[in-house]
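This structure is in structure tokens; I'll ask about it shortly.
Chain naming follows the written order as A, B, C and D, and within any one chain the residues start at number 1.
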Amino acid sequence: MTEADELPTNWGRWGADDERGTLNLITDDVRARAVAEARSGRTVSLSRPMPTTPLVAGPAAASGAASTAVLQAGLYTGASPFAMAELVVLMTHSPDVTHFDALAHQVIDGQVYPGKPLDEAGGPAGFRHGSTAIFAQGVVTRGLLLDLAPGAALPAGHGVTGADLDSACDRAGVEVRSGDAIVVRGGWDYAASRDRHLPGMTLDAVSWMHRHDVAVYAGDIGDAHPPVDPRAPGALHRVGLARLGMPLVDVADPEELATACDEEGRYSFLFVAAPPRLGAASGVPVNPLAIF
Amino acid sequence: MTEADELPTNWGRWGADDERGTLNLITDDVRARAVAEARSGRTVSLSRPMPTTPLVAGPAAASGAASTAVLQAGLYTGASPFAMAELVVLMTHSPDVTHFDALAHQVIDGQVYPGKPLDEAGGPAGFRHGSTAIFAQGVVTRGLLLDLAPGAALPAGHGVTGADLDSACDRAGVEVRSGDAIVVRGGWDYAASRDRHLPGMTLDAVSWMHRHDVAVYAGDIGDAHPPVDPRAPGALHRVGLARLGMPLVDVADPEELATACDEEGRYSFLFVAAPPRLGAASGVPVNPLAIF
Amino acid sequence: MTEADELPTNWGRWGADDERGTLNLITDDVRARAVAEARSGRTVSLSRPMPTTPLVAGPAAASGAASTAVLQAGLYTGASPFAMAELVVLMTHSPDVTHFDALAHQVIDGQVYPGKPLDEAGGPAGFRHGSTAIFAQGVVTRGLLLDLAPGAALPAGHGVTGADLDSACDRAGVEVRSGDAIVVRGGWDYAASRDRHLPGMTLDAVSWMHRHDVAVYAGDIGDAHPPVDPRAPGALHRVGLARLGMPLVDVADPEELATACDEEGRYSFLFVAAPPRLGAASGVPVNPLAIF
Amino acid sequence: MTEADELPTNWGRWGADDERGTLNLITDDVRARAVAEARSGRTVSLSRPMPTTPLVAGPAAASGAASTAVLQAGLYTGASPFAMAELVVLMTHSPDVTHFDALAHQVIDGQVYPGKPLDEAGGPAGFRHGSTAIFAQGVVTRGLLLDLAPGAALPAGHGVTGADLDSACDRAGVEVRSGDAIVVRGGWDYAASRDRHLPGMTLDAVSWMHRHDVAVYAGDIGDAHPPVDPRAPGALHRVGLARLGMPLVDVADPEELATACDEEGRYSFLFVAAPPRLGAASGVPVNPLAIF
């Protein structure tokens, strides 16, 4: 196992009480350059549709559920309904739902970014530190598609390295700049492939993100189970999220984006992610947009 | 009560099976003009923070809740937690939460936009027609702030008219164009004022929106209870949403936007709303952004 | 379809506002005779175990669920947990869960027992009339096992008649008396058999219950889908529950009871059902006991 | 603080894997004597009504909630409802709800009864050891009312001792026997009194229960916050539940029982508690009955 003091980190870089992590890298300049990417207004979603299971059903309904990610129940509003409404129950980190990981999601040796003891960061009533509150004004920055396997899929069990990310940049003709959101495509549907030997991010790839000061990671490649690199299992979460303070868009779907980039002939765009203003949580569903 | 055949309507305008309503007005041209509004990248949220009530608490905890809008429970992930997660329970149309009303939310004489019998539109398992699925790619268009009471609040019980909206446009130096999102500010906090005589939208104001082909309505003024116009109670929902097919951002908070517009010296901006991809519901929490 | 005025009914028998239905038949005398059945204290559950689906799981967890009947999430109570707790989400009439149907569960032509318009009986906030509140002091009465297929199962699609119930009484050497709870065994697991042609109760059997003034029905045979008797589909719910006002223990499991009765050499016992004191609902999970 | 090795304990008494704790004391003989207590069939609930908060409400509804103990939402079953149903969300250890504490509820130094490491007892998917599964066949035993303050209430902050319990037995003319359930009345409504200096159980009282081999504790007096005995805070939970393995009926309501005992002229009865068959939880709502 890699020693903790050899791992890249941003603990202390923006102070001992910092809650924004790499969102600090999205400066006014970065934002100004980002909106310049939006020219036609063509818009693409980076989110999977939520797999919703209904919670009410007639007596002859099937009893199981394809997913328990999001449970939905239509509400009674009168014998003659005057309005329709639902109750929704969801787990904030479901592997079937595209969601933002807040910085306190990952615990390392009883601490969360940037070194807060977990009980100081939050409790049964929710998080005071490291929560989804940092997404309150949305995340608006430049986005880049890094397609690791254009028109195809990474091999099973592949460990993505910094060199892989460099190759994707070269193919796209883009250069990652401080404050960018990167959208990584490996051609895998994690939710559908859970029993297979998934490809995943290595520590080398996460170190690459650190060197390039990436602000946000989104992708269809995450931390593989079993790990692709036994010396640094869970590198994206345990290093990228917990040590770099880099928010992750987990379980993103870049397929439609890949098509749009090919059609537009460019791999950069305005990235806008504005989840509901849940304020004391460690995660929240999100539908990030790429606007061309 | 105003007769149904005298009310403005878009039923049939885009076909008998239309699901997009006034989102049809957001054409490629509209979107291209919209992104041109984003110049500095300054971003403002139009959403209230969600009032979250924790669902687990020690024996000495208070028993009540300020709100039942959003219920949150931190989840156990092991005797030494390795990751934090939550279960969230929410009602899609809570008056304490900024949310998008989908077209099937409002039922008129057993029908939803554009005249579908309710049982055809959906059932216990959710909506097949008129659902939140139309927000899948987000809503990206030009936004305008129409401030009805700059620096102040509308009088209690005031019925907002088309003339009021015209005055706001004049003050802002803007002209509403087909496909715009309008953000209306009246200076009221509906959630905090529920027992008071609220100001609200009249049928005249909703007819104005129809004439101007507004695509999306967001505001801190909605349908007052008791109604401001007994001949057309609930005009925004019963006419704007159900007959015009105009999605509503209910319980928006335009206070910060008003400040930003004053500072920027302009009242138009890029409006981006991308709620989670809940697909079979009548509403969904949303955090719309104004990007300057 | 059988005409409504030919159907057995208790509407009006105990007044227009009655909420207890056939529980009125459990008089002091009935209860005194019932407790005399409890001699050894041997106790048997008539409930299926609840099929619980966990709502939190690690990244490698399976995504589906065997059932959405009862959803359970362990709660975080601190970095070092000092107490364990759960959040439970359940649907009150799940076909996988043994539950009591309250009288307002079944709606007939917009009315619930004994003829109340649905909107008078309840609303979005729950039931004022016909709710689970009638189970507040539990249901304590004599129970009888009527085994329709000792050691075996009824044929698929069999329509249970009054003659079938008479035969079961004869085999058991028991006579149904006013106020009794009957526990019917047909040897079917409804939850596991949902796609098969289930046996079910006919109108004739429900009329038999009416003639015998049965107070409570529990059983592994219910209303079959498709119906066994097209002239009176859903007889147990639409006539037994809605017209007789006879509470149903839906999806009971009498297998262990059948064994105990054989061993004890008697088919009568003290029946005790005391669900949680949910007060404004149309149903509630219950674990009825047979005490010998 | 009292040293752990001076505290009464049943760890090891019924083996290292025991899950039943003091329910082991309810032998066939105990049960036979218990049912002999049931003579008239008069039945009294020992449960508070559940305080239910509706989760759907019209636009003019109040936004708060008296309690978040049990959340209920009526379900949509069609434009003309054919059946009524609800979704219920509850926390298993709400201080507003009468519930059974299973043995694994209380964690002592990372262990649960009888000395299992917490991670062996359960995980995010629920409990394998020490769960509510032990209540599957109900709890049927003799019950005794021990009224600590007949017709009145204990003084605020009073620490209940073994001598107090002896006095209550003397007044009632009863003697506690191995396997009994005791129902303790102190005249306090914990749920309504949460900010006051509550009376509570001392270690001395819990040691008394141990000496008398009480099988089940139910009462309106529990563990006070702040503790009545700083040397042994939370004695009922930390010693009675965790070390003795004695299931607790938390937040019981013995007021109606006290009246019934006075009227019946006896303070012993058949105690029956049969919660829903939730199988992997640390607690479950229950409506225990006293049957005379």
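In this text, a residue touches a chain if its C-beta (ideal position, glycine included) is under 8 Å from a C-beta of that chain, and two chains touch if they have at least 3 such contacts.
Not measured: the values here are computed from a predicted model.
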Angle (degrees, nearest 5) of the CA superposition of chain A onto chain B: 180
Comparison of B-D and B-C (more C-beta pairs in contact): B-D
Chain copies touching (chain A, chain C) - same or different residues, decided at half shared: same
Distance from the mean Cα position of chain B to that of chain A, given in whole angstrom: 26
Distance from chain D to chain B - Cα centre to Cα centre, in angstrom: 47
Inter-chain centre distance, chain B versus chain C - centres from mean C-alpha coordinates, in Å: 44
Sites on chain D at which at least two other chains make contact: 55-56, 73-77, 79-81, 84-85, 87, 89, 91, 110, 118, 123-124
Graph class of chain-chain contacts, one of line, ring, star, complete, other: complete
Contact footprint of chain B on chain D as seen in their complex: 53, 55-56, 59-69, 71, 73, 75-79, 89, 91, 95-96, 110, 117-119, 123-124, 191, 194, 223, 225
Contacting residues of chain B [partner chain C, same complex]: 55-56, 58, 73-77, 79-81, 84-85, 87, 89
Residue ranges of chain C touching chain D (in the complex, touch as defined): 28, 30-32, 34-35, 38-45, 47-50, 52, 54, 56-58, 70, 72, 74-75, 80-93, 97-98, 104-107, 110, 112, 118, 122-127, 136-138, 140, 237, 270, 272-283, 285-289, 291
